[in-house]
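Several structures are given next for inspection.
Both of the next two complexes hold chain A, though its partner changes from chain B to chain C.
Our next item is the complex of A and B:
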């Protein structure tokens, strides 16, 4: 009698086969729309700071070094991968990658720093995006290129407040510490 | 380097003590999920034990809250040397959403020295297995800090602009 029950058990187990994943030796794909580590496309980013304003865990910090340089730092150690930054981004510069194998011994491995070059309006001096659709605006943007020697005269002096000491300090952008 | 050391030190089965320091139970469920037959970490010899005195590895989940802080420290001291500590989840890694709340210490690192961090809210069971495999030296680390620039900051531009102005001082006279 016990033999029959054992055979029954073996048959029961044989039906589904091996269910255990051979995970660390073979990759396991994530489900569709899985939100892993966010990725910033620095070609698309316009530096509006919407992601920094919307982040519930305040992982994204933005600091203006001078009028034309904005430093964005993402501190992934306390990120909850909610995807609100990707939702709010007007340029779709942020994508939630399916990367989840992020175990590390150092918290700084999870951070991402991005230096954004902000163009400024000739009239008001505020920052704006490089216009790409309007061809008249495109012509004006040529005059803004800092490497064009002829056009340097027309570059407005919006960067008078550039402080090289501030730049040096923000090179190793510290995460805010609790006192 | 740490995985090389742990390869030599932890040659036998790892016994794991699971320490909840004020987590929302999301990470705890994922840790229990790792022990199920589907993920089955017992093939690496990992076993959950109830007492920190039996354990080699402590899994901390949750940003260490103020009431649990002395208990976490006591549990860490009760573990025999050598010991590994894993911070599971975003709360244990950096404090999560409440990293600066009045009653949260802000990550397991503030309470005890943590060897490996597993970010995620909650981390996938695979991510926890990956951390264990990283500690055992089976896989390589996958993340590194990213530093990108849209444009090199033209610092020389400011100096050259100034020189240009000095050279062309005549335009200042023409302004009037």
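Our next item is the complex of A and C:
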């Protein structure tokens, strides 16, 4: 019993031989619909904020610095690559690229910032068309948003009109710290 | 075999004045509102009817009704019924503990002592469980008035009081980091020579507060992605269970095609998880051929996951209302090829190792507990099935497309780790069978995502279970305002199984500890250092691997 078992094990190991891939010395291609690093096309983006409202890891920040300028930032350092942003984008401005070699010493290498010129009516966050369909997918933060780009933190506070006081208040936002 | 009406009748007959309301939103779910004085009696009655304790859910209703809510959930496996006993208590009034009769409720109740400040009468071990040792005693993090990002200042010189070591035994601490534990956890093992005489556990060192985070910060459709990260191995299980709970609470019926795709994803996950476990189990008993070869066999299924979902693990496939990606005819072909290959190769691995006496010697008769004890401690999954308890959520409480699947549930009466190995190997073949049936029967059209049009009403309850590779996952959901849940409770299979580990360790050899703890499914981290405490002098001596080896060589002579 024991000997037969050992012989079988030798065959089991010998038959497949060495299966180790030569990566990283040879490239390792990924399948077609792989969810790699997301890419924002600023020509297509309308600044609706759908991606920011649906990002489970809260890696997409929006700050309305004035009436016409919306700053959007993607912070790849804590992205989970779920690809939800690409799913919900009504304009297909976000694509998941096949890039996966993203080790870097500098967080900023993984970030993307866009400054979007906005016409006033596009600011309400209702141009996000998925809103009208699935009520489970409803956006919670609509209107003007004041996330902290410096601290890379989502601030769950929105207003219907641009509020300069909130803008000022959130300017020096600090994350809570252990005392 | 009582049906749901008989269960209702039996409860109302016996406890007429103590049951205020019975709610039956769907066919096989019972939500029973009871008075708090009779919690223990009614729970025992449910157990007497063949119920199995699942988990308790505590929630904060202080602002709305001035009470703390408590829900005990049970599953009547033979009758495919899941039921919840709902009660509530004012902040300072204690509630009768059900732990003396149902030992598995011990952790749940301790959890709400920590998180909600509930008080339980006659709890056998009212110690801290969840929160850190230096967490302030009067801050209850799950209460709504405590902010989600609160960070109290750390305290010095606080430590958990482990159980007293029995007379004549020595303490061997295993953890907080240990090669056999897949997360920081501390077992204080009491040994007499080489024989284990008892153990105490202090864990929850990676408690991340996911429930609180999701209840306060995220919306319904973001939570599946966080739920998936509860476990790195069986992610889809949690996402499915959560999504089903929301769908049940909302009364949303998803398309059949989406249910089939969910089933396929769950079974793919089971195949990969069992192969991973088989490898680790081999590794833990020092049989690395099993480790290498089962992981080699497993690799193609990880690549398959990449092609199906875009990621090799944490598939991100399941959302409330269905799934995100469709399975095209080409992918169908692909799945078939991969599982055929895996079945073939796994058979070779199985035949090569199943007769090896080394495995038999290390696993047979190890981690033995009786069937009665397993039922009493409400253990789940392969651990229970290896001990003669015939439960499987896929068959007992069918969800997704399992009602149309034909598969065997392997059950063994060996009551040891060897039976666990067998259960998992057979389940892998069964999983492959289920995937084939799914691909065969899957409807060819239909949307993969069903949208929910009306706003979701607050205060609805949902209770679901999913059979994960390691056992049964239970999710309880109470819907809330603003598109996010008021309470979401997750019970992973390790939660009940870990409570049974001290029992499994009892009277076993210390060298078998890794495989016994490993048999409930671990991953591993690394350390090469043990603390040896001399009980009499209280002196602590730290030893590195080299010293240990030296010592063992010396004693061997």
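Observations on the model:
Just so it is clear, the second predicted complex is superposed on the first by the 102 of 179 C-alpha atoms of A that agree within 3 Å, B and C clash if a C-alpha of one lies under 4 Å from a C-alpha of the other, contacts with A are read in each partner's own complex, and residues count from 1 in each chain.
Keep this in mind: a residue touches a chain if its C-beta (ideal position, glycine included) is under 8 Å from a C-beta of that chain, and two chains touch if they have at least 3 such contacts.
Worth saying up front: this structure is predicted, and the values here are computed from it rather than measured.
In the superposed model, A:42 lies in contact with chain B only, and not with chain C.
Of the two partner chains, chain B is the only one that A:105 touches; chain C does not reach it. Of the two partner chains, chain B is the only one that A:117 touches; chain C does not reach it. Of the two partner chains placed around the shared chain by superposition, neither chain B nor chain C is touched by A:94. Touch criterion not met for A:52: it reaches neither chain B nor chain C. Of the two partner chains placed around the shared chain by superposition, chain C is the only one that A:16 touches, whereas chain B remains out of contact. In the superposition on chain A, contact is made by A:28 with chain B only, not with chain C. Once the two complexes are laid over each other on the shared chain, residue contacts for A:2 go to chain C alone; chain B is not touched.
Touch counts on chain A: comparing chain C and chain B, the chain ahead is B. In the superposition on chain A, A:77 makes contact with chain B only, while chain C stays out of contact range. Within chain A, the residues touching chain B in one complex and chain C in the other are 19, 30, 56-58, 80-82, 178. Within the complex formed with chain B, the chain A residues making contact are 19-21, 23-25, 28, 30, 37, 40, 42-43, 45, 56-58, 68-69, 75-82, 99-105, 107-117, 146-147, 152-153, 155, 157, 159, 162, 164, 167, 178. Residues of chain C that touch chain A in their complex: 149-151, 153-154, 217-223, 225-226, 229, 246, 250, 289, 292-293, 296, 299, 303, 306-307, 309-311, 314, 316, 320-321, 324-325, 348-349, 351-357, 451-456, 482-484. Here chain A touches chain C in the complex through residues 1-2, 4-6, 8-9, 11-13, 16, 19, 30-35, 54-58, 80-84, 87, 96, 133-138, 140, 156, 176-179, going by the rule given at the top.
Listing the residues of chain B that touch chain A in their complex gives 2, 37-40, 43, 90-91, 93-97, 99-100, 106-107, 109, 115-121, 123-124, 126-131, 133-134, 138-139, 141-151, 153-155, 157-158, 160-161, 164, 168.
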